[in-house]
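Listed after this line are the structures, all set down as structure tokens.
One chain, subunit A, links the two complexes that follow: it is found with subunit B in the first and with subunit C in the second.
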Partner chain A sequence: MSGPIPFSKRRYFPAILGLGSCAGAVLLVELLVYVELLNRFIIPPPSDVVAAFPRVILEEHVLSRFMLTAGEALAASVLVTIFGVAGGVLLYQFNLLRLATETWVAAIAAAPLVLMYPLYLVIFGRNATTIVMMGFTAGLAPIILKTLEGLAGTRRVLINVGRSFNLTPSQQFWKILFPAALPTIFVGMRLGLIFALINIVGVEYLINFGGLGQLINELAERFDIAGTYAAICFVIVVSIIVFMLTERLERWLRPAG
Partner chain B sequence: MSAVAMPSERDAVPGAAEPILVVDRIVKRFDTPDGTLTAVDDVSLSIKPGEFFGVIGPSGCGKSTLFNVIGGLLDGYDGAVRVGGETVRGPHPAIGMIFQEESTFPWRSVIDNVAFPLEIAGMPKAERYARAGHFVSLVGLNGFERRFPAELSGGMRQRVSMARTLAAEPKIMLMDEPFASLDEQTRLLLGDKVLQIQQELKQTTLLITHNITEAVQLSDRIMVMTYRPGKVKRIVDIDLPRPRTSEIVSSEAFGRYVAQIWNDLREEATRGLLDDESRKLRAGGPS
Partner chain C sequence: MAETGRLTAPARARRWVQAHPVTTLRIVIIVAVLLVWEGLARSGWLYRDVVPSWVAIGRALVVTLSDATFYWHLYTTFYEIGWAMVIGGVSGLAVGILLGGSKLMQRAYEPLLYYLGPCPKIIFFPVMIMWFGVGPGSKIAMGAISCFFPVALNVAGGMREIDKVLIRVGRSFRANTWQMVTKVYMPAMRHPIINGVRLGLGVCLIGTLLAETKLSNAGVGFLVIQSYTLFNMPHMYSLLIVLFVIAIGANALIGKLGGLDQIRRS
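After this line comes the complex of A and B, so read on.
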């Protein structure tokens, strides 16, 4: 007869372990600041950060700033996914194009694209479009590369199954190549969205325009260190929302495997 | 309740005595860094409707090349492949293929894998699921319809591939070492399943294998191929009673056929082994 399931095997154990580790790290930082091993003027005690939340929420209009950054992140995510996946497909379909540009695309992925913001300011002006386009530019290359990798890595036998059933090129793509490549494409999307979000908040900070990046800039310039960290926590919330959406999308598109 | 007509037996081609599949003097060469390699040389065979035809040969004798040529996945060969008198130029709807490698779609459940060719054919959802369910049941996977391939064993996944190919109702089923990655016991039991399905559907089948036991257990005739270039060495009629099961492997007649085919194969397999070793020596590999 089988006994009760051990606690460590339960479905919710990884989530509890994750939250527990996070809480443990916060407590450790609190302790290190308390015993003055960490400088509280550089790293505030987490309890001060928690205490700063109501002030940041009520006095700094964090909700509207949060919505602006989240909106920019969402717009950049949609753009980067559409154009990144399409770019990867294009490079897969046309080998000459792939041979001619793959190295460049890889080089762009590694470049500090945030330094291009003055150019984007000239092109688009000091507005949300500049920020979205900076996020888009930064997130594009990883999605292109991972889409290409996913499509090129489709097992030959699966393609042959499609051929044996006389699939048209369009069916071959939508019924076999695309679903086979989806896990790798989503790895690229996650990487691309990280790059996009970093650049969105970074450019908001640099050009002091709207959103959470501007809030972080303002709080930092006021030496409100606890408030700065509280605002950073809202950036993490945006990141979590974007990741949860991509996970949902992946599960919907490819329920298993 | 809507009734869906289930195929109990494949349509026989007009003139049942006429071969349904004719392979006529196939020669397939490949360009390699060491020069031109003739993989298949002047191979001819003909298969009657409902027949189970085995092709056996040592590794590297061109069996899989022949499989791909007949299945229409390879071109650029001399000779012709004809199905019911029609020359095959590319994948043909009358031919279904089961591959050696694991070929289920991991993102589709068992029932969705099996319904795949019906979905491609544009069959309405309810009808294709009813029909796919019939083939899932035929390969003995009832209760696993909603499972995904990752949740199944290797033998079960091969049965899903088989059901998917059968669902397209091909006149000829090609199998390329479908049980090569399975253990001996699973292989024998799956052989039983193949025999049962073949006898139930009168499915014309061409099996490529390097396993003598499997070939004798399943086939009506076996073509023995030579090692490189792959030529027809001999065609052996297997006069064992049908319906067969894996119990046949313990019979005296079965043993005689296995010994006879091994006699033909031994020389070819030895040639293959020596050739492989000399190539490794030339390449500076392990001796």
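After this line comes the complex of A and C, so read on.
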């Protein structure tokens, strides 16, 4: 008969350890601020940050700001999906075009495109279009590359089955290639959405316009330190939730085995 | 050879096009983009100078590259990025080795890094300004935070993929922790480390330059936002071209030096 499992071997111990360490670090900061080893005008006590949450949520209209950022992210995601998937399909259909431009698309994916935001400010003005277009630009290349990868990675046997049924090129695409490539395309869409969201919040902060990014900038400019930290925590929580949701969706779409 | 010599120029060109279709298409695309751009610049459909002529951009590029102050700003940016890469890279490497070396540490702390990694790091900039001031310190901190996550996650993943035989060999020679890290872990994780550094450099560059555009009086990011403020669009385009060439070139160079291109081919 084996004895009871020690606490350190329990399934939830690592999660408790990780979250417990974070809580310990927060308490340590609280203590260090309390004994004035840390300057409370630079690092506010975590209790002040927690207390600032209701104020920031109610007085700074966080819900409407969140909806604005979410709307921008949604618009950028729709654009990125339409143009990215279409671009990937185009490169798959025309092999010469793919050979000529695939490395360019990969290079664009590695370029710091977000630095083009002053250019977009000039072209589109200081409004939501600039933010959406910035998100679109940042998220486009990963979707093109992943769509191409998904279509090119379709198993030969599936394509041969389609041919044996004398499918037209259109049927072959919609009934064989596209469904087979869908999980990989979704990986690209997830990457594109994350890139778009990062850039959208970043540009909102930089140009002081829009939703959650602007909120952080405004609170920092007002020198509302506890509020700034609370807003940063809020954005982190939102991005973690979005990341987890897209991850769940991706797992759900991925074929079993 | 003799037959080629008898061909007329158009026939030779046709044969070259048939022999190099990819290069030909690339040239066609570049020429088409340049022509459309130039047409747009001269059409007057957009506000003047929003899409400047290639001639103006080329002239601005020459002026930028022959200006000594540009190199001082470039040096400032490189200085910030260099320190950010050292701080973020070394701490990412250490954390990655710690997480990859222990199952408990991995399960306790890696999810935190994994979910914090994709957050937009620029939102930490107000805090970095409070902690490190408006000088290069806050930009270095922004770059270091950006760089830390990809390096740590790649190294942790790489640690788990090290051949267990190599670790057993190290232990059988009674290697101490430092020797295990330098003689076994690091050489075996060369590719994940290089890949992490490559990804880290990309985001470090973005973090540092964005911080420079927000609040700075030096660096290429500052020059970009200054040309926006002065509406000197050809200068802005020339700076963006230089930055993109540097970023893409550095990315390709690290991949090549680390042998990442060979992994993909094999």
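Note that the second predicted complex is superposed on the first by the 174 of 257 C-alpha atoms of A that agree within 3 Å, B and C clash if a C-alpha of one lies under 4 Å from a C-alpha of the other, contacts with A are read in each partner's own complex, and residues count from 1 in each chain.
Here is the rule we go by: contacts are C-beta pairs under 8 Å (C-beta built on N, C-alpha and C of every residue); 3 or more make two chains touch, one makes a residue touch a chain.
None of these values were measured; they are calculated from a predicted model.
Put subunit B and subunit C next to each other and count what each touches on subunit A; the higher total goes to C. By the document's definition of touching, of the two partners only subunit B reaches A:L167; subunit C does not. In the superposed model, A:V35 lies in contact with neither subunit B nor subunit C. Once the two complexes are overlaid on the shared chain, A:P118 sits against subunit C while remaining clear of subunit B.
Shared contact residues of subunit A with subunit B and subunit C: none. Considering their complex, residues 71-73, 91, 93, 95-97, 99, 101-103, 105-107, 109, 116-117, 120, 148-150, 168 of subunit B touch subunit A. Residues 8, 13-15, 17-18, 21-22, 42-43, 96-97, 99-101, 107, 110-112, 114-119, 121-123, 194, 197-199, 201-202, 205-206, 213, 216-217, 219-220, 225, 228-229, 232, 235-236, 239-240, 243-244 of subunit A are the ones that touch subunit C when the two sit in their complex. Residues 155, 157-158, 160-161, 163-167, 171, 175-176, 179-180, 182, 254-257 of subunit A are the ones that touch subunit B when the two sit in their complex. Contact residues of subunit C toward subunit A in the complex are 21-22, 25-26, 29, 46-47, 50, 104, 107-109, 111-112, 115-116, 118-120, 122-127, 129-131, 202, 205-206, 209-210, 213-214, 221, 224-225, 227-228, 231, 233, 236-237, 240, 243-244, 247-248, 251-252.
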